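Chains: A, B, C, D, E and F, in written order; residue numbering restarts at 1 for each.
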Amino acid sequence: MLSPNVETFIACNVPYEKARIVLYGAPFDSTTSFRPGARFGPPAIRHESFGLETFSLYQHADLTDCAVFDSGDLELCFGSSDAALADIQARAAIILGDGKLPFLLGGEHLVTLGAVRAALELYPDLHIIQFDAHADLRDDYLGAKLSHACVMRRCHDLVGDGRIHQFAIRSGEREEFLFAKEHTDMHPFSFACVESLVKDLRQRQVPVYFTIDLDCLDPSAFPGTGTPEAGGVTFMELLRALRAVCTTRVIGADVNELAPMLDASGVSTATACKVVREMLLALEKKCCPSA
Amino acid sequence: MLSPNVETFIACNVPYEKARIVLYGAPFDSTTSFRPGARFGPPAIRHESFGLETFSLYQHADLTDCAVFDSGDLELCFGSSDAALADIQARAAIILGDGKLPFLLGGEHLVTLGAVRAALELYPDLHIIQFDAHADLRDDYLGAKLSHACVMRRCHDLVGDGRIHQFAIRSGEREEFLFAKEHTDMHPFSFACVESLVKDLRQRQVPVYFTIDLDCLDPSAFPGTGTPEAGGVTFMELLRALRAVCTTRVIGADVNELAPMLDASGVSTATACKVVREMLLALEKKCCPSA
Amino acid sequence: MLSPNVETFIACNVPYEKARIVLYGAPFDSTTSFRPGARFGPPAIRHESFGLETFSLYQHADLTDCAVFDSGDLELCFGSSDAALADIQARAAIILGDGKLPFLLGGEHLVTLGAVRAALELYPDLHIIQFDAHADLRDDYLGAKLSHACVMRRCHDLVGDGRIHQFAIRSGEREEFLFAKEHTDMHPFSFACVESLVKDLRQRQVPVYFTIDLDCLDPSAFPGTGTPEAGGVTFMELLRALRAVCTTRVIGADVNELAPMLDASGVSTATACKVVREMLLALEKKCCPSA
Amino acid sequence: MLSPNVETFIACNVPYEKARIVLYGAPFDSTTSFRPGARFGPPAIRHESFGLETFSLYQHADLTDCAVFDSGDLELCFGSSDAALADIQARAAIILGDGKLPFLLGGEHLVTLGAVRAALELYPDLHIIQFDAHADLRDDYLGAKLSHACVMRRCHDLVGDGRIHQFAIRSGEREEFLFAKEHTDMHPFSFACVESLVKDLRQRQVPVYFTIDLDCLDPSAFPGTGTPEAGGVTFMELLRALRAVCTTRVIGADVNELAPMLDASGVSTATACKVVREMLLALEKKCCPSA
Amino acid sequence: MLSPNVETFIACNVPYEKARIVLYGAPFDSTTSFRPGARFGPPAIRHESFGLETFSLYQHADLTDCAVFDSGDLELCFGSSDAALADIQARAAIILGDGKLPFLLGGEHLVTLGAVRAALELYPDLHIIQFDAHADLRDDYLGAKLSHACVMRRCHDLVGDGRIHQFAIRSGEREEFLFAKEHTDMHPFSFACVESLVKDLRQRQVPVYFTIDLDCLDPSAFPGTGTPEAGGVTFMELLRALRAVCTTRVIGADVNELAPMLDASGVSTATACKVVREMLLALEKKCCPSA
Amino acid sequence: MLSPNVETFIACNVPYEKARIVLYGAPFDSTTSFRPGARFGPPAIRHESFGLETFSLYQHADLTDCAVFDSGDLELCFGSSDAALADIQARAAIILGDGKLPFLLGGEHLVTLGAVRAALELYPDLHIIQFDAHADLRDDYLGAKLSHACVMRRCHDLVGDGRIHQFAIRSGEREEFLFAKEHTDMHPFSFACVESLVKDLRQRQVPVYFTIDLDCLDPSAFPGTGTPEAGGVTFMELLRALRAVCTTRVIGADVNELAPMLDASGVSTATACKVVREMLLALEKKCCPSA
């Protein structure tokens, strides 16, 4: 008898009960103000992951040794940010409640808010580490409080001062940087101080939500995103920094803002796949025999 | 002294006070469920119109003889359909209030609702003529009442039975066609009966709002749209039908659903420009000296 | 507990045991001589089918009333036509053996040979109806006997004279047309005589394998294919002809030669989805309550 | 010993001395006002012709039976229309002087002027048959007398009234159509009267220069051109009309305005190749054994 | 009453009289020998600038504090370099005559010659600083003296030896480098000595015309240009170097050679916008309150 | 009398007898498992080379001083790796037999095997230097022994341990790296030790076959390839390393895996041309007067 067509991120096919990490996708980009398309990110990452090796020469580890389950994409309502965030939060809450790490594939950056809300229910002392080109600290954008450009401001509403750590930021309004000076831990342009932050958080065993807006990468490496910002980090710099962060007590994570149709060469999607693979391996490192 | 850079649809540069028709753009596509991009339609139409002749060999008329003003695009809030529709309605109300014909460039089809609301304030006996591939008669779409897929259903809420005339429809859910059978005047696949309808409406001097979803065209003629539906009408059929409709008492109009980045050849944008030119000429026919 | 991510052609999700039709994909294009890419056809059709309505206004029928199972894509060896054809034949044989209709998504046209071999095992009196721009009757192509350009010649090796019925053919070498004159039932350029053939086959209850090379469509309607040939049939002509063929005793079918990356507008993929939907509905017609 | 890499239009490889038709390319588009790219037309046509069959089912003739030589592209000076036209005229004069038919691959439509100048030296009673979407009858364009938009006006300066026959025209300024009414034989929109014209010219054995601007085709069939104009002729209509014209005493010909990079699907280039093949076969018909 | 649709580079909307810098566009590329498209640069930069923040984290300055007017694009004659250059020179002369800094958006690099001619009228001791991948020092190109490949040679005709400073050059003919050795101040591959040159020019208060051919950037950062040359500078290197140059007495400037349609990802256009913003801020630095 | 249209890599037009290096192309990609298109590499490189200067500022040498002949592309059978490799081997054998250096333009990487087989006939002590992102050391791939993913494993079958030197490798299966540890000289990620290897090989006058898979470059510099791998080398690093290798006794070489249609910007093709130019100049250095 023939089986139905199950499609997952490559090698992410352990049974749900045995999984330590659970992938879920949020194909949503309704508040994107410039060039939409991030909604196509999650299925593109899943589909193109089959052009990837499961083995990483950077970490000498193999996805086939890891315990990851891919629960597919949520069916979200375009045009209603409230409804979409509620659905994301609910899925994250289920995964967290089962003692697993929710790993979200966006979607525009606003989707992070849903996952953070769920994480805060279990971890009130949560810190957030953000890799991003944009500060995302506006109080509202064209009248909307729920917007990709406001997502970290909304997170700040929830976690308060000093618990959002922002890296590689190079774009924003003047007001956002004034806000950051008072309320967040912002490191512009690069990953300069990521190691020392990570050391501190690791020692204190602080629960960390880790969000990567892929536009932190230089557009030469990652052109397939709605608002490309010249002057970004390299892939190798991102790799080193994300492995550092994954040594902390990460309890939730996301990778977002791939808009695959904006890069017809396929390089951006392939690079996003590699970032996801390296994160999964770094998060799973302790339990992988080959690590 | 140098002048600022004014950009209009070609030859639509009479002073506002002298204009009979006023263009306005609604670059909005937040509820688009499949492939977004209609937000880029209005500026693309305006910009590419300069590749167009102002003279039409079909109507032997010239845009330079017409009285059209282009008021540019509204700055709409992505992520909030309510706010966007309110802004569209307000602009349409101003133009109608000044005794001019508002001509809207979309955007996704939902934008029509804002213009229809404004028109109903002045013309409670309004009829709507819709050229479209899709019925757009769903009661809700993924939970949203305000969606491109529901726009004609929302219009029906306002105008009631028998006053929405739908042509070239070839796609929808079973429920939409059952609804249409009871409540609208639907003509599937073609413009078969447009002449007789027009004759009747013209004789009764019924006020007409005329909305064209450009995906009524076959995708071979118009690939640059979010949800292309094979089996559509030809450009020449559309031309004949729209000129017929423009002989009625049209008091408002729109052209929507061009997503220019989906057709890199530029053909769809050029064709949209030509549709706008032919509509403007047809609507202005009586007062154009060369007509 | 969360479910894994099952991806099927829209609404093709009945359990295998209850299915009357079974979809399977052959993402293979190794012998394509001009522009490859048909290997990406099956997943693109499956993925983009979610932009499609399940209801057909042409047939007043709905896919949700049909009994179709999607068994996903075969993993085929690039570079070995022999191995790929053997795998295709094996899958088709399983489906046929379970009393179901195998419906193959290609891939280049060579994949048809695998399915035809399986069908001949059960139906030695098989006829083949081919819709195609190309005769595909070369004896070899650049030395290869197993090539997309030879697939109907290889089928002729198996079924013999007068049992291959070719429609819409408009391209080939002089030798292919000389061969056709002697050995096949060729109808160049159009579907002119499809009705009378169908009537005859239906009356005699001849088992029919039905293969559609989507390049039979005019390139204006279907640009996304490796070897576009101007002067083809329209979508509506194809629709009528395929519904006619589906009134015969079809025991296997395929749709092939979509190369989605050659048409960035997405129109070709959307059109292929619609062809598949219409074929499934036509093949299922007798058992659908709404038909 | 190895041979150098000779690249020709498919099967156009007889020695120059034996050729009856000689291809030459003019990769020039400096005066294109809207979207350039026609300069890439000739090498694209030559290169992609290898995806074409040499046999035509429309004419039951084969290019391998014809006597055509491909002399490659001229190296023209961008930015100087005068110099470019002189080079084109010189090449055409050589070919005509050797008693052969010069067949020019453009390039923008201005290139025709160079070939017409050469033809008039030998054939002062020359008529011109033009297939085109645009009248090309402006007296000047943005100050330039030598422009693609003026090419037929410049030809009229040379041949005078009643000797330019224009078909499928659907775009131009009002002044151009007023000029045409007085001075040219214009047939708007279609090939309606081409048969009767051809009959007359054939009987009188008038020497004919035949120029095809491929934008006469509908943009659905031929999107790859700088100024696409909706409402054009179909490929089959073009085929019939060009075969009719080729029964007159054609002494020179050209095919122009393919801008291949504007149609990434490759359909426009493939269609241009087919038009060239059909013209070569039609022009060679009398001497081809299979005709 | 509604206002017409004014389109400027973002935030460049002070009244002309109050402006210190005036933008003007030259959408011209007739002499481009390889891949045209730079004509589309100025409107693309203007239009896409709305995806940009007005604030720069690099300079801690905001465009909304600056005094810039955007006078739109010139309407230039394609096919006549002489006429186009005269129009550019005239516009530059007006701006310079009004005591403002003319900032030109190209177009191909030849447009610089028009601006330099105007600048030399007022500043006979002018120096030119050029950032470019190509030397542009040919005496003629395919017979044309006015060509993008000759623009710096033509400038040398006007300013003489030692007053053209060339940086980041990595491509040219052997003769151009021999010429440079004798007549210009060329710094191949990088911005190695830009600081010392700038110091000297600043101390001597030499008037400087500053021209940036964006192809000085590595093609990975800026693929959207006609003749990409691997091995270029990074965006951050360009930023540092241009800020250094802007500390001299710059009396005119241009940014050119963006061909937006060659980079469908939009990265090149976004990067060009950022270069323009950073240059405007650097040129305005002294009078901006936030600087 | 007019000449036929000879198309070569720029300036590679000396007579065969006088040539020291002979170019030949293998447009083959049948075993490509992910995204095909490398078959279009050789003609694209040849055609686009005309946008390149013949002079190199890196080497102060000019292709017009070199002795290179371009023998064009082989016509290979798609779908049969065996036949294709035999044809490549035969062409390489002719060139080697005439005492010239065969320089192969691929094509997928499997084509190298044909050239290596020919080289081993004359040079049994051959070493191979490979620049590549992928190890290409699988024993089989989806059942095929002849596959791009196995090409270096097949070469190892022929040359044995320690004679394959691999640089810039960053992707592969775990098994490939275990194999490399035992059998090849692998240098992951970079060109770290290329100088010392080169020095040793040069002193021992070992015959070297030099194969460059262009995907060794970072995808930002070279997106146009089937399997882009983030984290690669820069163009300048590749340039330095290839010039070092060319100081050894190179007796055959190839450059492969450009898939031009995957990078519509043209940057990848232009970069491939530059790599070929620099290799030709480096290989010819001793006999070029300007070197």
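Here is the rule we use: a contact is a pair of C-beta atoms (placed from the backbone, for glycine too) under 8 Å apart; a residue touches a chain by one contact, two chains touch by 3 or more.
Given the structure is predicted, the values throughout are model-derived calculations rather than measurements.
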Mutual neighbours - chains that touch chain B and chain F alike: A, C, D, E
Contact distance in steps, from chain B to chain E: 1
Furthest chain, CA centroid comparison against chain C: E
Numbering shared by both copies at the chain F-chain C contact, with half separating same from different: same
Centroid spacing, where centroids are CA-atom means, of chain A and chain F in whole angstrom: 39
Residue list for chain E, restricted to those that touch at least two other chains: 218, 220-221, 264
Every chain pair meeting the contact rule: A-B, A-C, A-E, A-F, B-C, B-D, B-E, C-D, C-F, D-E, D-F, E-F
Chain B contact footprint on chain A (complex, rising order): 29-33, 36-37, 39, 75-81, 83, 142-144, 146-147
Contact footprint of chain A on chain C as seen in their complex: 1-8, 13, 16-17, 22, 24, 43, 46-47, 69-73, 91, 94-95, 264
Interfacial residue positions of chain D with respect to chain B in the complex: 34-35, 169-174, 177, 188-189, 218-221, 223-224, 227-231, 262-264
Interfacial residue positions of chain C with respect to chain B in the complex: 51, 53-55, 57-58, 62, 218, 220-221, 235-236, 239, 264-267, 270-271, 274, 290
